[in-house]
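One chain, chain A, links the two complexes that follow: it is found with chain B in the first and with chain C in the second.
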Partner chain A sequence: MVESKHPWKAWIYLAPAIVLLLIFTVWPIINTVRMAFLEGYSSMSAVGGMQYNFGFGNFKQVLQYKDFLSCLTNTMLLCVLTVPISTILALLIAVCLNAIRPLQRLLQTIFFLPYVTNSIAIGMVFAAMFNMVGSAFGSENEIVITAGIINNVIEFFGGTAVNWINAGSTYWANITVMVVYIVWNALPFKILILLGGLQSINKQYYDAAKVDGTSRRRVFTKITVPLLSPMLAYVVITGFIGGFKEYSSIVGIFGDDMGPTGDPRRLNTMVGFIYDALANKQGRASAAALILFGIIFVVTMINLYVSKKKTHY
Partner chain B sequence: MKVVLQNLTKVFPGRNKKVNEEVVAVNDFTFTIPDGKLIGLLGPSGCGKSTTLYMISGLQKPTSGKIFFGDDDVTELSAESRGVGLVFQNYALYPHMTVRQNILFPLQNLRGKDKLNKNEMLERAQKAAALVQIDNLMDRKPSELSGGQQQRVAIARALVKMPSVLLLDEPLSNLDARLRLQTREEIRRIQKETGITTIFVTHDQEEAMSISDMIVVMKLGLVQQIGRPQDVYDDPVNLFVAKFLGTPPINVFDGRVENGRLYIGEDEVMKVKGVEDQPVTVGIRPEGFTPDSKGRLVCGLNGVEIMGRDVSVVSTHPASLNPVIRSIINADNKIDTSAETVKYSLKPHKVFLFNKETETRIYFEVK
Partner chain C sequence: MSESTMKVMQEKDLRKVTSSQKAVKIAVQFMLYAFLILMAIIIIFPFYWMLISSVKSLSEYRLSVPTLFPREILFSNYVEAFNQANLGRLFLNTLYVGLVSTLLSLVITVLSAFAFARLEFKGKNTLFALLLATMMIPGELFTITNYATVNAFGWMDSFTVLIVPFLVSVFYIYLLRQNFMQIPNELYLAAKVDGTSDLKYLWKVMIPLALPTLISITILKMMGAWNSYVWPRLVANKEEYRLITNGLRNAFTESTGDVNIPVQMAAVAIVSLPLFLVFIFLRKYIMKGVSRSGIKG
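For the complex of A and B:
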């Protein structure tokens, strides 16, 4: 280690970053914990000089709140569905992209476009694709003007149109739309990481496998995937963390009602729950945030533990 | 199995499409590698020796020409179906597998009638590992092995499927000097024990000479000379081969032939019967010099390096094309190190004449 003659110099150089971090990261975290344990905390009344008891009241309230369980279920469900699907799809696309030479750059750019596009905008486009524009859909005298491109395709192949996101749509139709949208949105980053990983694998492993007469499938399962496992672990872990923070995608499609017309809050998530409480029940929001943190922490630990066992080199 | 290369040619297209600069990596290579021999492909980097090896393995397709294994034409066969064993320069061991898994890998690829059951596989892997003496390291990962051990694993992996041909790409270049010496003998031993036709690529002439049954000297895609190492050393066909083989390297002089006598500079050094009068390039092996008070080649003495059994005399001559002349002389010959000059007589069979322009050998009668 380099011993400086003037250790205070280092602190001066670090000071701007440290001050900003203290104000905007460290203090909010501490404050969140503080608010979470002050029963019934609300900033408005706090300004008015109200005193709060210290205790687990906020946590109790969160857990007893009827919306909380559905928020948790929605979040978990979306995570469990989208992370594996998007990871596997991204892996396949990355392997294919890596295998072709012509147009590789162009396709890489196309696949990366969603990443640099605003997710609300994408959500609106998706909503339009799944939307049924018309009046009083589901009622007896409905007038459907267009059923949305997805339904058009389904009908073209002889299926019946599905009410994906409009009033009267089923929960599973809503979830399907969300899964498609979230997977599509998550792909670019994963493809980018996995493609980078693939390109950094020494070509000689493939030559060696070829000389040894290895089938394509075995090359994929025994060489590509294991050598890519650190990247896969990274993509899965960040995927889960991102998945637990799912919020804007649902706003993108369903608007800030977080559900189809007539059934608001049906697709609300953990972050949505926190935002809802944020307006005047900061104590409850903080408690929910801590619970979410706990869940993400545990899941990430499990992920790390599993990936340590599986990624071995 | 013998390997026949017939007019083998590999042309790489130029990288710049506007300028048509093709690279001929291997040019019209014809050679029959006899069954069960160890062959060294030798040449400076960029001479096409690795390309030749990769064409034999099937990883690269020749532009023209044919490759036969025994009597079978394998030119169009892919690497998967040729059944060669290939050891890469940096071994290419799968880092996520143990030594055992690495060695088993080629066996697990076998399908159809060649398919082995688990015990047979383990037995074969164990045998291959024992052959290269790594059977005590079977549960290690490649990252836990030294370079020499990794190389043995790579050889075991190549040998385990009992290939008809074993190919080694610069097998010793990643090892330190002592290990290199040991490993090259090891390669020789393994090759002798298995009797597999083995082709290896190297830029180190000493390595090639010491263990090969035959060496192929290449330059810029063209085969210069093929033969037993000693024969090539004693009888090089051109100046390139003469210069490339031997440590210390051959000493090269400007010279001329007049009336059947060879002149180096102004010194008339020996008779060369049957050579027309012409300017020549003269190559003299370091061991071709004998200190002799009546010697005709007079050189300025720079110093003497003691090597125990031999001494290496460093001297200069105005006609020398190298900065210094290095000769190897038996230590019994006492050299007066305080003298200004040293006089040599030459051993005729260690002296080679080359055409000044084409650098091809000019033969003369040695009595």
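For the complex of A and C:
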């Protein structure tokens, strides 16, 4: 490193970045904390000269708010369901991909495709696949014009059609659709990372196991998984962080209403809750954002703690 | 039993063992391929369904037994989708915002990464650590205040509001700084001895050497503009400034029930096409950026 004759020169290089960061990153952090602790803060009435009490009122209000609890449940539920499913599936696919030669590159490319898509646009495709045209289930004359391709497939294998996302659909049907879509969306990144990890494992471990006549399952649980554990920890942590911020995949399928026709906001998430309050209930939005940050922080710390104990480097 | 027959039998056994091992191996390979191909079909099916639905007539789409290949291929859905969602305008808006923000963002990123990688100043490491710490905070936390800030600046419904707040990405600075650090310091010293200015050195030596990282940043930034939804909807929802993803969702608010799905799918296909082209031609750079970031868009 060179000792510059002009120490101020570095600050000129940094100036544009620092100015923008001060306005759009540092100030928001300070301001969000401030607004979160001013009870019932709203910037509209703040301009009008209204004074606010300092306290935990916003947090209390948010936590007692029924809508927030449903947002929290939805977010947690989607996280707890999608992260393990997508991680296990991605691990299986990555291990299989790593064990084949012909077609490997082609399949790898196909598995990466969902990554470069627009989650709103492809959400609309999923909605079309689950969509049912015709009178809703439970009405007197059930005339289904188009059951949707997913229902067609289910019926082909002898099942009965389900009202997935239309008016009158059940909560669990909606959640199932969301889980399918989120897992589909989450796979490519996880496969990419895990396959990269697998390819960097030293072949000598496998050769040694072969000499000892170790069974495939033992090789998998005693060599592959432990040596892959740093990457597994990484995809689980980023999966949880992404999961707690779930929002646009739901907009993709259900639209801005965040729920099936007749039951808007049913699938609203934490981030959705923040956006709903953002324009005129900043106190509430800030408190919710800090709670979200707290949850992400705690979950990440737990993950790091567990993975530190379980990962082998 | 004579010795020779025993030997023959042993050889037979051995052959049996190796052939059964081979059979197991083939069976395992078969299962691997079966699983992978099944998963690949599931992954690719939505794209297939989007494409074939986009060229079906509405009456064919609504058959109770769906056709897996369209009977007649109808391109009129694309024309209708293009007009209904005003995709031309949205496309130009998005391109403009994407290009300007990428360009400005690259300049800012290169300058700050250079300062962090090559220049010496007080508090450098503390400042860098603080910047990295902000990456932990969810973006939604900034949005609340930024919404009020851009409102106070009078930037609502403009291109400025779509570009300026996201020009600095700590992650890109980090990525490029790491890349700059790998360039041997001797090059810099030699340039100094020759009396080359910092800016010229940056332009002639560092930028060419870090080009792959810069390309990765450009792609991620352009894809970000293409896919951004929440912020544009909040602050620039007027037709003149609307970006493509938001416009798509706005043009087709109903995605369930009895709606004209073929036209919707045509619009989705048009919006997805540029992403696929980028993917096909620049896959290497995307994968590189992705595997180091875990950030979508």
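Keep in mind that, in the parts below, the second predicted complex is superposed on the first by the 290 of 313 C-alpha atoms of A that agree within 3 Å, B and C clash if a C-alpha of one lies under 4 Å from a C-alpha of the other, contacts with A are read in each partner's own complex, and residues count from 1 in each chain.
Note that in this section contacts are C-beta pairs under 8 Å (C-beta built on N, C-alpha and C of every residue); 3 or more make two chains touch, one makes a residue touch a chain.
In this text the structure is predicted, and so the values were computed from the model without any measurement.
Trainee: After aligning the two structures on chain A, examine chain B and chain C and state clash or fit.
Mentor: Overlaying the two complexes on chain A (C-alpha atoms) leaves chain C and chain B fitting together cleanly.
Trainee: Does the superposition put A:Q204 against chain B (first), chain C (second), both, or neither?
Mentor: Only chain B is touched by A:Q204; chain C is not.
Trainee: Give one of first, second, both or neither to describe whether A:A10 is in contact with chain B, with chain C, with both, or with none.
Mentor: In the superposed model, A:A10 contacts chain C only, not chain B.
Trainee: Once the two complexes are aligned on chain A, which partner has more residues of chain A within touching range, chain B or chain C?
Mentor: Chain A has more residues touched by C than by the other partner.
Trainee: Between chain B (first) and chain C (second), which does A:S286 come into contact with in this model arrangement: first, second, both, or neither?
Mentor: second
Trainee: Give the angle at the C-alpha centre of chain A formed by the C-alpha centres of chain B and chain C in the superposed arrangement, rounded to the nearest 10 degrees.
Mentor: With chain A as the vertex, the angle is 70 degrees.
Trainee: Please indicate which partner A:L278 is in contact with in the superposed arrangement: first for chain B, second for chain C, both, or neither.
Mentor: second
Trainee: In the overlaid three-chain picture, which partner chain does A:I223 touch, first (chain B) or second (chain C), both, or neither?
Mentor: Touch partner of A:I223: chain B, not chain C.
Trainee: Could you say whether A:D212 touches chain B, chain C, both of them, or neither, answering first, second, both or neither?
Mentor: first
Trainee: Look across chain B and chain C in the superposition and give the shortest C-alpha distance you find, in Å.
Mentor: Minimum C-alpha separation, chain B to chain C: 6 Å.
Trainee: If I apply the document's touch criterion, which positions on chain A are contacted by chain B in one structure and by chain C in the other?
Mentor: After superposing on chain A, no chain A residue contacts both chain B and chain C.
Trainee: For chain C, which residues are in contact with chain A within the complex?
Mentor: Touching chain A from chain C are residues 28-29, 32-33, 35-37, 39-40, 42-44, 46-47, 49-50, 53, 61-66, 107-109, 111-112, 114-115, 118-122, 124, 131, 134, 136-149, 164-168, 170, 173, 185, 188-189, 192, 198, 223, 226-227, 229-230, 234, 245, 248-249, 252-258, 261, 264-265, 268, 271-272, 275-276, 278-279, 283, 286-287, 290-291, 294, 296.
Trainee: Applying the document's contact rule, which stretches of chain A touch chain B when the two form their complex?
Mentor: 202, 204-205, 207-215, 218, 222-223, 226-227, 229, 312-313
Trainee: Which residues, counting only chain A, touch chain C once they are in their complex?
Mentor: By the definition above, chain A touches chain C via 1-4, 7, 9-11, 13-14, 16-17, 20-21, 23-29, 31-32, 35, 43, 89, 92-93, 96-97, 99-100, 103, 107, 109-129, 131, 133-134, 144-147, 149, 152, 165-167, 184, 187, 189, 192-193, 196, 216, 234, 238, 241-242, 244-245, 247-248, 251-256, 260-261, 271, 274-275, 278-279, 282, 285-286, 289-290, 292-293, 296-297, 300.
Trainee: Which positions of chain B touch chain A when the two form their complex?
Mentor: Touching chain A: residues 57-59, 78-86, 88, 90, 92, 94-96, 105-106, 108-111, 141, 143, 157, 161 of chain B.
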